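Read from first to last, the chains carry the letters A, B and C; within each, the first residue is number 1.
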Amino acid sequence: MQSAQPNSDSETSWGRKDLVELQSLSAAELNLVLQTAAAFKTVGTRHIKKVPALRGKTLVNFFVEPSTRTRVSFELAAARLSADVINMSASASSLTKGETLKDTARNLEALHADVIVLRHSSAGAAQFLAERLESSVVNAGDGAHEHPTQALLDAFTIHEKKGRIEGLHVGIVGDILFSRVARSNLFALTRLGAQVTLVGPSTLVPREFERLGVKVSHDLDAVLPELDVINLLRVQHERQSRSYFPSLGEFTSLFGLTKARAARLREDCLIMHPGPINRGVEIDSDVADSGRSVILDQVTNGLAVRMAVLYLCNAARSGETIS
Amino acid sequence: MQSAQPNSDSETSWGRKDLVELQSLSAAELNLVLQTAAAFKTVGTRHIKKVPALRGKTLVNFFVEPSTRTRVSFELAAARLSADVINMSASASSLTKGETLKDTARNLEALHADVIVLRHSSAGAAQFLAERLESSVVNAGDGAHEHPTQALLDAFTIHEKKGRIEGLHVGIVGDILFSRVARSNLFALTRLGAQVTLVGPSTLVPREFERLGVKVSHDLDAVLPELDVINLLRVQHERQSRSYFPSLGEFTSLFGLTKARAARLREDCLIMHPGPINRGVEIDSDVADSGRSVILDQVTNGLAVRMAVLYLCNAARSGETIS
Amino acid sequence: MQSAQPNSDSETSWGRKDLVELQSLSAAELNLVLQTAAAFKTVGTRHIKKVPALRGKTLVNFFVEPSTRTRVSFELAAARLSADVINMSASASSLTKGETLKDTARNLEALHADVIVLRHSSAGAAQFLAERLESSVVNAGDGAHEHPTQALLDAFTIHEKKGRIEGLHVGIVGDILFSRVARSNLFALTRLGAQVTLVGPSTLVPREFERLGVKVSHDLDAVLPELDVINLLRVQHERQSRSYFPSLGEFTSLFGLTKARAARLREDCLIMHPGPINRGVEIDSDVADSGRSVILDQVTNGLAVRMAVLYLCNAARSGETIS
């Protein structure tokens, strides 16, 4: 993480053409991504925010489930690596004509797409493509499975602010049950030596999660003073109608990071949120804008982390290195 | 305006990181934009239509209200300055998930967006962002408030064709009441020394406009022979249902630029329209295509004017100059 | 087709600023496109997949009828020629405000669009624009008229795989009646010396087609063993409701390329489809993925053919040659 040279002096090498999930990544691989991202982060502060690493390469942002924020972050990351970017959304794509995901993807491969960034509502969609294509496939969120670049940017931000991840206590709070963000986070953080506690109502945070090496709590107030990092997930409003919790107001009263609760956090506790935030629901508006909040740092770091992932996967696929 | 060198030998400097409205611009500032645009206009005629002025910079076209024409014009202007362009529309953006405009914009800032071009249905939206962001904000139309680059391209076109703006009599005709184009035009033109007369039915052109330093008339035929420039605004069809005027036919008979009326214009009167035109409503189809019509010149000049605005605002924000 | 140098040593020159249809193209012109595409195809295999041929030029993808595949293919072709690309779709465009196609196109011309790629539901739309604009117009499909780049990529693929087109017997099967793909194919292939047989139910393949110099058959099984190439068109599901054929099942039993029928094809018969394929309808899924299928080669070749068309039309319009 100290070096400005991607990859230099590292004993680890990156051999994955795809990034589908974090569950199988070693600590060395995770650290390599973070170290590479640190090098790329400096590009964002330059007068000319571009490097030629992916010049002449084609990245396809293939979003079968819409997400402007993630799409824009990948699009900017690719532009800064000098790649050409094509955006495709589901409603616009041939999927609406009954074509299968596999056929659409094989068409992209036939067009010499070097990297396909896939967002899809079905768990396993990215893995399905990665196994069948020569193109690199980067998972930008697949159903309730994983969202690896989100967790990597969270880990990067924690390391940047705290100087380490090992030994920290990270609380992930709220709508955990179907959260790909929570899953990717807990895989990365436990692998890097953090202690993770998942906090929320029992309907959204069942005890079964303990099998994944984390603690489960239904009492935020008890956990609050012990945390080095608190990561608040976005409440999915549609959950309410399905009776996972009685009302937004009751959710907030039990699991929202109100001003009163924020006052009970450690002074140096980081406040994180993957965005977009529901001000006044999972987090108080003033708390979101307070000095301990690193929510916008997460956005900035997302760019550097995605540059690193695109760079590493492309290099592993093509056998190329930066000149 | 004679020099091909942007900014050279000018005593005025541009200190605004944003362009939100024209109401507060001095004549010197307005002239500086027009002079810079004249220099950039030559780029459009070159073999390779690009300059490296914004290379490595990121422009976000953030259109919360749709407008293909304006979006395309800004996108091309940015491409010719070698910037990277990201397009975001409202329906696709997180605004649909309930995120506030401010949060969306702060996310764009966290992604190191250098310039945000905002189109929004609410007056004041661009000002709101400009005050809160370090990014440059360029207003591409905000509700019934202003549309500054449209008025600048209108002024540029008048100056290009007439050699001056001072002392000219410009009639702006039609659907004035909620028109941001009319507002920005009258601010720019009166500041540059033109006489402006607003013409239309009393429901759409109330006397109150005279407080802004212009004349108001409800009789186009009386004003017609005195004009050096006639600028016909697009009739918003939805007005009809709200009873601002009885019918399109009656509007055309009183305020449309028919062939008969065009014959009564001065021989050298410029015919302008911000587009898209309703042929046969506010302007006769043959008149729109006639030799005095500069409607397509306006489109071409929009590109040069937007290049100038992006260049100047970016330079003021970053303290950079063209090398 | 042997030379890697576009255009070199060719006695034919390309004088068309537009590509609207293939019906009027000479064999020499068709061969020139194929030869130029062969040269560009090598670009797709390079480390950096770009040439500066259209640097500083602007291409507008203007799709009034949606087609992600064709749009992406043209967008990538333009990117590889280093052009700037603007995407415009119909619903987003001013056409929804009642502007005419001509006015929209003249606006694009006023913005110095060098090439306009038009997809439109009305036959004749591309010709209409080509006659009125100085910009190059490339037809990306206009109603039931023509889809010239699709037929060129089909011809390119046949030539690439077979070494020749003259003397081959090509069957085009299925939904021919309103198919612009079939029309462009039969014009190109007959001009290049192939024998073409159109096969399908009499409702979709009327005898009148014989006037265009092709054979018509309603019996696929009779034709099958004689073919060097079989090109299966996509069944338009909406046809069924209009009673052109009784059911998808019956269509498949009579005209689908099932495994049994594929076994009766010559061993070296090419299997083609313009995509997206309806697996199990006009073609069996395993047959589509079999060794004789060149469906994905068609996609790859589409890129090279479109690069060639954009390059040639731009050069003819501007009088420029590659440096």
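Criterion: a residue touches a chain if its C-beta (ideal position, glycine included) is under 8 Å from a C-beta of that chain, and two chains touch if they have at least 3 such contacts.
As the structure is a prediction and not an experimental result, all values here were calculated from the model.
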item: Chain contact topology (line, ring, star, complete or other); value: complete
item: Numbering shared by both copies at the subunit C-subunit B contact, with half separating same from different; value: different
item: Distance between the centres, which are taken as Cα means, of subunit C and subunit B, whole angstrom; value: 40
item: For subunit C, residues that touch 2 or more chains besides their own; value: none
item: Footprint of subunit C on subunit A - complex, ascending; value: 55-58, 60, 84, 86, 88, 92-94, 97-100, 103-104, 106-112, 320
item: Complex contact set, residues of subunit C against subunit A; value: 44, 46-50, 66, 68-69, 72-73, 75-76, 79-80, 89, 237, 275-279, 296-297, 299-300, 302-303
